[in-house]
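Two complexes follow with chain A in common, the first pairing it with chain B and the second with chain C.
Up next is the complex of A and B:
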């Protein structure tokens, strides 16, 4: 699925000087929030052992605020730590979270789904020019070849709805979309070819469930796909169960997925999972004029019923 | 005198083996990654890059049928898997961290219960290891007692040579026997110049002291520090050459189906969930602690071996950057000071 534009594209380095500003501001804000006991813990990023890496961290001591940072390696969507899937984090008390624009969409969705109340969480938003794609050696500069696909089409560089927005957004280069192109290629396929494409992709799935575990919306305490009696989906990492699992997941996320693409980033088998979620999101937009995660909505189109709903597909 | 084989002959060897009906598992390019997979020809062999998944699948597949059942007129028919039908296998081009792992896992698969599926595949396999010539910042074989030139687990061991081709070291009788079948593909050289082996960076650790430290620190703040962020997926265990936990499931319909043995992972919350609903590892950092303890304490307690070969896959592919090398180094440091200050609590962490 590599395309020719990738080869033709000139090298473009993205200015990340604003990330140092963001780092300083995150530190002072985290320190203030913890010192003034406005929050009990801050979920942010800190440096990992590997040079240039960043990993999620939960700090409770104001003295640790100096460890926090923002860099192109801050790929994680930290909103997962606020869901009921991470009870031990929530048990720490009131939380603040560092969020990029894309992460903020997940937070809005989670508020809509009553995972927490907006006022229960302090959101430190970061003006973000982009982060690394999967498989990039930490510390590499942020360029058009190292940037995540989602960042090329980002419409939420500045998370306006956050309690505080830190950092400074540089002038951004115009990067041609890649995922959109892939979507178009898939859309242009015959159903049989598309089926072949996904069959080949899902054959690689090893059912490590990294896609589920990093998803802000996969917080179910009993996942349907873990059920044994009765078994809804084969748990064996074999084509039929794999296909079942990914389709169930895509359907369950339709109208909820806020597009962070974490599932795709973490897939150790490089399955382009966000294509499925994006397709569902496009359908929702077309059929219901609905976009998930733009603002907290209690019931999305697929969890509510209205007589005016489109029923043309019922035959 | 050193035994050598050219790149071309190595590929010919694969072709010959495939032709003779052997299953040749080796590194192969699949899309944008390299994986260990059965090769259909020598041309597919892509040696030297650490494949995305480990080589354990040659013995312990992701999913395998261990029996099948069918309901018919004569009642229920249960059929065993004929392990004698397992193919003769050559695992070729496994880097030392992958080649060594089966020898570590042999202990658990032949302990209280002899796992015929694993063991039969092991019996039928020759491992041709390959010296490692490139390391990144996630590699740490040297910290767990191995080396980029380690022949542990290999029957034959190849070392890339500066001018191309490989030198071939005979490590075991099985290797010697295998070699005897293909003498014309190998040559003798008076001197050889190996490509320098990889040098993983890292602070050396004393694994015996680490184990002692772990014994005394089942409860410790380090587990929350390093693993509160763990999201509970199985990427680490599934990519690991030495993790070997599995689940057994029956799948199919009322009429027919099979019992399968599938990879499992201690990071999954369901892994220790009791039928009562109680889960002794109730939070994620306890599950990660188990992973670490299993590798550096429990397995050593039981079998005298470390359950980690330092391949670094769990570091590279952890969604949240959990870094077993960093944790091992940190505990290694703590373990040294623990000994010095034993009984003098106030001097800890000085």
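Up next is the complex of A and C:
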């Protein structure tokens, strides 16, 4: 799904000096929170083994706060560390978490799904102009060709709902959307052609389930797709089971997915998974005027009944 | 390997006409796990059931599929038969080859194939069925009656007389309802107050009835046998314990010109008032909207003159919680206000009748107050405009009722009779007066009803004109009624002194909101729905809730009283047991897999899902999971469908069973 317009676009480099400000502020805030025992652990990013890379880290000692950083390599959505699927981290006590705008939307969704209470977590929001897309060498500058697709259409550069916001947002370049174009292309297809498109995509799937492991909303104790009696989805990477898995995934994320696009980033087969998530989100918006993750809600449109809901689909 | 028996019913010819039942039986014998299959003309009959019981013994059957009608019809019948044969009743299932097959198909070959498929699916389900044991829940032998009109009063007295505690809740300051407003009642013309007020006194004096007047239902929790009801007691501003009902406050209240709702605004009342002199309880209430003390703080006369010091301006609304086991809903009716045209509603109003604009165009209840000895005129029939005695009165029936194009298609049932009564009451009081009635047709079924109507025409000389009224307008001090006489085929114009409209009966305002609190269903007019139109006319589909009176549909007094007593009998049947048995088709949470997202709790319409804390031996909280209260669960399966990790299973309908049913196709 790489797009040919990429080459036609003029090279634009995004100023990320504000990320260093964010790094300094994250460190001092983490130190303060741990020293004053406001939290027991901080979930953030530290440098990875390769120069310029970043990986998630959980620190409990104020002395370790100096390890924390923020850079275009901080791609992971750290909200998964707060779900019940990661019990050993929750067991550390009260947590603080570093969150970009897109991550914050997942956090709001998780509060709505009773995974934690808002007051149990300190959210350190980061002003973020964008992060790297998949496959970029660590340490590369953030440009129109290295930035993630989702960041080109980001509407939450500043996570306002966080407990505090660190960093400084640079002037944002005007980048033409890419995912939107792809969406429009798919929407213009006939259902038969669209089916062929997805069939082709899912044939490549190797069922590594990285998309599941990285998704903040896939926190089930046991995934129904791993069950044997009854077996809902064929577990081997065969076309029918692949299709079943991806349909289950898309349906289970409808009204919940806030678009962090982590599933797409980690997919080793380059399947444009976020297109499905985004399509479901658009349907929800159109039908119920609902956008997931804008604020914690107790009942989303798919778990509530309103007699004013559109019922024209019942024939 | 299971040993399943398949019993295929012809249902007379209902099934065998379209489905080759013998072929289905033959196919069933080949299915895995089926040890015996047969067909019979009426499986539900005594010989049919005997056949089933014998086969269980002879073929050592372990499960049963009855291929016949809907489980709603005969599941209970066959489960009882299975139980009598020594099987767990929940190992017997119905394959619906009537409603789902023979009734809806014409092609014999295809219908037979489909019936075989339905049987095959049910065999798969029964193979995976588990023995279930009914759930028992205790019964609180205390009833709630909502509405203090004649329906509620009758139900409350019957239940209380039987030895059970009753909580009676009435929205208005006094019980009595509409019947207390009526003058004389058909077909015997006995005084409504004379037969009603003693019942009201019985209620307040009854040792087992707790009366909450000026109160509304705030919230309903729980389920059959175990309801918890929160009642909002609105601030009366008068301490009921201290008030002696002497009435000095009402005499001294300087606000005297407030339209009296009980008299249909024909008379006036003070701001501190009882709705009518025979009110029960006889304790006044302050109408805070009109009381000077509450408007600008500058009065307080009633408090000064009150000997026992009962007037309390600081009184607040109060919430009371009552535990009950059964609920009788008797919220009654209102008269269709034809001047209103609610936005977005199919109801269109009758602007052309001038009601609300012409003072001498009134509705039936207003006429009742004019004719009532305790009414604002002392029973003298006069025109609201000038107080003169009307010499020509036109009555119009079916105003709003039976008018599909105006939004109400039902018959209000009581208007034919009360209009006939009105013509008589009028004739008895104005001997030289003439009553005219515009009617579509007279509906007078009921004991002594038709005789009563004939009497109005033949002895009391009311003139009945068959036809509809098109317009009513003021001309000088007369009210002109334009209509048609379809018997003769001419247009008629009558210059009347007074026009009385028999407007349609509608459920009380807020009937839908109350239904939502109770979890009972209602029709498009907001009348409450009974569980079965013929065989369960007083029960709601929601267990433990019963209906009485006009809240279920238009009814006259005898029908209302009969239904109220029937509802009371149903409550007493429920209270005759110490424990209730509930079907064990309930959802269960697999706590090992539940991740506590509580989506099930959000979608549960019965409030059956709770949070449950899982703790280790030291008492440390490990996690929170969902828990389904089997007493509350109705087995609808919504939680099962919603659970993202498939950690909820509905007994009898497990995922494994449903998948097996699908796989066999």
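Definition applied: the second predicted complex is superposed on the first by the 311 of 315 C-alpha atoms of A that agree within 3 Å, B and C clash if a C-alpha of one lies under 4 Å from a C-alpha of the other, contacts with A are read in each partner's own complex, and residues count from 1 in each chain.
We take it that a residue touches a chain if its C-beta (ideal position, glycine included) is under 8 Å from a C-beta of that chain, and two chains touch if they have at least 3 such contacts.
No experiment lies behind these values; they were computed from the predicted model shown.
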Query raised in the report: Does the chain A-based superposition show chain B and chain C clashing or fitting?
Result: fit
Report task. Identify the partner contact of A:227: answer first if only chain B is touched, second if only chain C is, both if each is, neither if none is. Result -> second
Report task. Have a look at where A:180 lands relative to chain B and chain C in the superposition and call it first, second, both or neither. Result -> neither
Report task. Considering only touches as defined above, state whether A:114 meets chain B (first), chain C (second), both or neither. Result -> second
**Report entry** Which superposed partner A:295 touches (first chain B, second chain C, both, neither)
**Finding:** neither
**Report entry** When both partners are placed on the shared chain, which of chain B and chain C touches more of chain A
**Finding:** B
Query raised in the report: Looking at the overlay, what does A:56 touch: chain B (first), chain C (second), both, or neither?
Result: first
Report task. Using the superposition on chain A described above, determine whether A:304 touches chain B (first), chain C (second), both, or neither. Result -> second
Report task. Determine, under the contact definition given at the top, whether A:237 touches first (chain B), second (chain C), both, or neither. Result -> first
Query raised in the report: Looking at the overlay, what does A:285 touch: chain B (first), chain C (second), both, or neither?
Result: neither
Requested in this report: Tell me which partner A:266 touches in the superposition: chain B (first), chain C (second), both or neither.
Outcome: first
Report task. Once the two complexes are aligned on their shared chain, state how close chain B comes to chain C by Cα atoms, in whole Å. Result -> 6
Report task. Check chain A for residues that touch chain B in one structure and chain C in the other, and list them. Result -> 85, 87, 231
**Report entry** Residue numbers on chain C that touch chain A, as the complex places them
**Finding:** 592-599, 602-603, 623-624, 642, 644-647, 655-656, 659-660
Report summary line: Interface with chain C, chain A side, in the complex: residues 84-85, 87, 113-115, 219-224, 227, 229-232, 252, 298-299, 303-304
Report summary line: Counting only contacts in the complex, chain B reaches chain A at residues 31-33, 52-53, 62-63, 136-138, 228-229, 231-235, 237-239, 247, 249, 251, 260, 262-263, 265, 268, 270, 283-285, 315, 317, 319-323, 325-326, 329
Query - In the complex, chain A residues that touch chain B - result: 48-51, 53-58, 76, 80-81, 85-89, 137, 206-210, 212-214, 226, 228, 231, 234-238, 241, 262, 265-266, 268-270
